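First chain A sits with chain B, and in the next complex the same chain sits with chain C.
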Partner chain A sequence: MLQVLLDAIVLGCSYALMAVGLNMVYGLLRIIHVAHAALYTLGAYVGLYCLLNLSQSLWISLFVGALFSAIVGVLMYRIIYSPALTAPRYVPLIAGAGVFIASQELFRLLAGPYPYSFDAHFQFLSIMTPNLRVTETQMLMITFMVVAFLCLFILINKTNLGLMWRACTQDMELAASSGININLIIAINFMIGSALAGSAGILMALYRNSVFPTMGAMVSYKAFVVIVLGGFGSIPGAAIAGIILAIAESFLGMVPIFNLPREAIAFLVMILVLMFKPKGLFGR
Partner chain B sequence: MTFGYILSIATFASIYAILILGLNILTGYTKQVSLGHAAFFAIGAYTQALLITKAGLTFWSALPLTILLSMIIGVVMGLPSLRVSDDFLVLTTIGLNFIVMGITEYFDFFGGAMGIIGITMPTIGGKSIGTTGYFLITLSFLLLTICICYLFSKTWGRLAMEATGEDEDAAQSLGINTSIYKMYAFALSSTFTGLAGVLWAHSIGSVFPRNFSFEMSVLFLSMLVFGGLGTIRGAVFGAFVLYILPEFFRFIENYRMLVYGGMLAMIVILQPNGILGRGGLLDRCILRLVKKKAETQEIS
Partner chain C sequence: MRRFLCIVMVLMFVLCGLLSVDAMAQETVKIGFITPLTGFAAADGYSSLESAKLAVDYVNEHGGINGKKLELISYDDGCQPDQASALTRKLIENDKVAVVISGSYSSPSRAAAVICQQAKVPFTSTYAVHPSIVEAGEYCHRIGMAAPIQGRVGGYFAARELGAKRIALLIMNNDFGVSLAEAFKETALKLGAEIVYEKKYPLGETEFRSYLNAIKAADPDLLYAPGYYNEAANIVSQAREVGLRCWLMGDEGYDSPKFIELAKTAANGVFITTDLNRDSDRPMTRYFLEKYKERTNIDADMVGASGFDAVMLVSHILNKVGTKADDIIRYWDTIENFEDCATGPIITFQERSAIRPMDIQIVLNNQFRYFYRYYEPEIIYLNPPSGGK
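Coming up: the complex of A and B.
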């Protein structure tokens, strides 16, 4: 039981890392960034490439993967979302869905439809007792998520940049008129969110030991559910809801009546929450 | 390129056109973006398949039942739209797609991953009608759908739906019951989509859960956006062009979804009203041609 809970928490970490990027974009631009999943897969592929061709170190591939995702994330904003900001709300959404589908196909065409294994050797903490096994990868994921969220929390609440970011989420025009460079803030916003998505991709690739073109799809659908549960725009909400969702999926899947695929369960939970609490569980 | 092949392409294109006309009522008029329309499609196809294979009905006796049921389930699935709007609704429709797919895949009643096979072609007077006859049936259903959509687009109902889509609060202040019109839109949309599902199930002869994936929903939406949101001509044009082009260019089959995805993003940013929609690229060309012709006639 404890082991199931632990596995669920590790899975929840990846949901949370994906959802936080989505949530940051939503908080700032009121756009559902469907193409976010592409960055997750991109991170994993770049990380793998780096591991195979450049160096054996996981840390370097993690860094390079996250960096690449961050750059592509900003480019995505500049090319797709920024011309569509003044258009009706469905425009950026459909454009994002288009890019998401296209990116999956691009990965398939470039790297092939078969999964690659992601073998990285690294030293990290691990706990091995008879009742509970926490592998090095699981420990790394949990640590990474805790550190990432702590950094994000400090960045948003204690620094000047965070203050500007919060001003932008409240009112973009007013923030611009008080001298904040909103383009820079949006770019940094996309950069952080995309880097987190990319590193989540690499960590999940390491955990599952596979990289394949559609690996981003399921996680990104889950991330949609997470941002609804956690409340749109709320960053701590995303972290908590990510873990709650993973636990709920793991345990509901054991009940015979709910013997549905995990994504169907997740969306069922999401629709029920939306019907009764349209602002999400932790929304303002 | 045999006659039968062309006939089957035309049949499928007509089926998709019916579906996109249904989607157009929901997404084009009422602006309730649905990224889960494959779920409505699946409900039509599965209901018909079950009625034929399990209840032993024929095409004609099952059709009204299926359409009625599609409409009812469509309204039920539209209920979340009363509580949530915009982005939340899109997520809800994506969710509905996954739930419907999950249910069909994991319950043996719906055939599971093996699907339902053995859906026979409809018969008239005890005689099988063959592909030509089936194409004619599909085509007449398409013409019927176009007629209904055209008549509907001339009514107050369409204006109310468009007002609801543009600005819900403003529409309410004009005395439009936006909830009712959203439900009407879901009912009409799921009726046509269910009809398309029925026709599709019969022409394929089997239904599988993977036929109704999220990718299909994206494809449907891209057909509508490509042709032009909110116009009948755009919906039919989008369905025909995006279905027929890849069929004739089989060599790009491998890149089809890549092209769809990229095109969807480009079209929606550069031509938000679609190629043949109001003010679209082709629309302007045609208007200019018509105007020129009128001028030359005046001169002569």
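Coming up: the complex of A and C.
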């Protein structure tokens, strides 16, 4: 049981890392950033490219992959979302979906349709006992999520930048009239969210030993469930909901008579939340 | 200037006309090919199409179809049944192909088969396993292994050869996985085994640890997990990680070098049912394996071998009886011991599905190796011929 719980927490970390970027964008701009999943795949491909061509170090690959995703995330905002912000809500939604679908085919055209092995060697803590096993990759994922969310928490609650970000999420026009450079805040917001999505892509590529063009599809659905469960716009909500969802999926998945696929469990959770607590667990 | 442009345009029209006359002079025999080159199944589509092209080159280098060049017209169906229907219509009505081949999954192949049956154009699927593909009618055939046969072979190997008494099933929830698991389960139960765990998972699933922990608790002798190599690599490596100590068995969907690359050493010891024997010394198998690698720089897989075999078989039939649909179908049903294929040999067609000896392969030292071959009619035929064992 402890082992299942631990495996679920690791899985929940990947959901949370993906969902937090989505939630940050929603919190600020009130748009559903569907193309976020493209940055997850992009991070994995760039990380793999670094690993194969530049350096054998996982850390460099993680850094470059996250950086690349961050830059592309900001460009995505400037080119795709920025012109669509004044349009009805469905316009950025459809534009994002278009970018996501096109990105899968672009990855396939550039890197081929076959999955690649992400075979990085690195040293990290691990626990190997007869009853509990936490591999190096699992430990890295948990540590990365804890550190990332702590940094995010400090950034948002203890810095001037965080204060400006919070002001923008409450009222963009008022924040702008108070002298806050909202374009800069939005760009930083996209940069952080995209870097986390890119890092999640690399960590999952390492965990699954696989990078392929459609790897973002499944995770993107899950990220939506996570933000509905955690509450739209809530960052701690995304972290906790990611882990709750993974635990629910893992334990229900173990029951043989509960013959529903994992996705069905996720969407069942989403339907129940929308019915009984539409603002989510931590929604404002 | 304007006059000069007019002269150039007139010259271009004349040249185009001359070229098209020349093209018409080189009459070809056309075969249609639908395969997914975009979307989640693009890797299989690529293997299938490249192998089909390899076969077309082989046929044309060896005299073509009664002196005419064989021409392959291929379209991307994105693994979508509606696309497959529309493109099959296009192949039949616009391109006027003699035969349609599907290098796609079961759902698009079923859609294409119905269209071909309505239009009375011969159709064959390459690696799609679902029984209903050939049930569309007498114009529809299958080159790959039908699910009832492959599942049955798996069941015999698990329960009879390995002696597994307690079996767990982890099934990919699509036409492929479910139809294989049904046949496997029926055979295993008939041979006295017990199913101790059964669960379906969706295509694209990557996290299997919770299922595998439950399977470990059920303490099976063997886990049969029909699926494709991407999911299979995760199942196998996570099974080793959670400490599941039992036989692991899969199907032809595992039969790709990518399975071993992704699962790494965890792949060693896994059994699969397949029809591509990489240890075979049959000339056509060797030819296919070497030329595919030369052409794509990737090792060949079962999906590719089926695409190659489909074109080889269709061109053999076209050479024998020409391009009339009824003649093709009549001859197709009489084929026996067809050797010019990478898998097989194809012994015959029964209920329009290819019958061939069935192989069990094992992964050893990160390579697929021959392990066991079934010839018994009651196992490898859809309906064993009367007088058979």
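Side notes on the structure shown:
Just so it is clear, the second predicted complex is superposed on the first by the 281 of 284 C-alpha atoms of A that agree within 3 Å, B and C clash if a C-alpha of one lies under 4 Å from a C-alpha of the other, contacts with A are read in each partner's own complex, and residues count from 1 in each chain.
Definition applied: a contact is a pair of C-beta atoms (placed from the backbone, for glycine too) under 8 Å apart; a residue touches a chain by one contact, two chains touch by 3 or more.
Predicted, not measured: the structure shown is a model, and the values here were computed from it.
Once chain A of one complex is fitted onto chain A of the other, the partner contacts of A:E105 extend to both chain B and chain C. Once the two complexes are laid over each other on the shared chain, residue contacts for A:I32 go to chain B alone; chain C is not touched.
By the touch criterion defined above, A:V4 lies against chain C but remains apart from chain B after alignment on the C-alpha atoms of chain A. Look at A:V74: by the touch rule set out above, it reaches neither chain B nor chain C. Residue contacts after overlaying the shared chain place A:L274 against chain B, while chain C stays out of touching range. When both complexes are overlaid on chain A, the residue A:P88 reaches chain B alone and has no touch with chain C. Of the two partner chains, chain B is the only one that A:F224 touches; chain C does not reach it. In the superposed model, A:I180 lies in contact with neither chain B nor chain C. Looking at the shared chain after the overlay, A:N209 reaches chain C, while chain B stays out of its contact range. When the two complexes are superposed on chain A, the residues of chain A that touch both chain B and chain C are 104-105, 217, 259, 261, 263. Chain B makes touch with chain A in their complex at residues 27, 31, 33, 35, 80, 83-84, 86-88, 90-92, 94-96, 98-99, 101-103, 105-106, 214-215, 218, 221-222, 225, 254-255, 257-258, 260-266, 268-269, 272. The residues of chain C lying in touch with chain A in their complex are 37-40, 42-43, 45-46, 173, 197-202, 204-207, 209-211, 213-214, 230, 233-234, 237, 241-243, 258, 261-264, 298. Within the complex, the chain A residues that touch chain C are 3-4, 7-8, 11, 104-105, 108, 112-115, 117, 119, 133, 135, 204, 208-210, 212-214, 217-218, 249-251, 253-256, 259, 261-263. Chain A makes touch with chain B in their complex at residues 26, 30, 32, 80, 83-84, 87-91, 93-106, 109, 217, 221, 224-225, 228, 259-261, 263-265, 267-268, 270-271, 274-275, 278.
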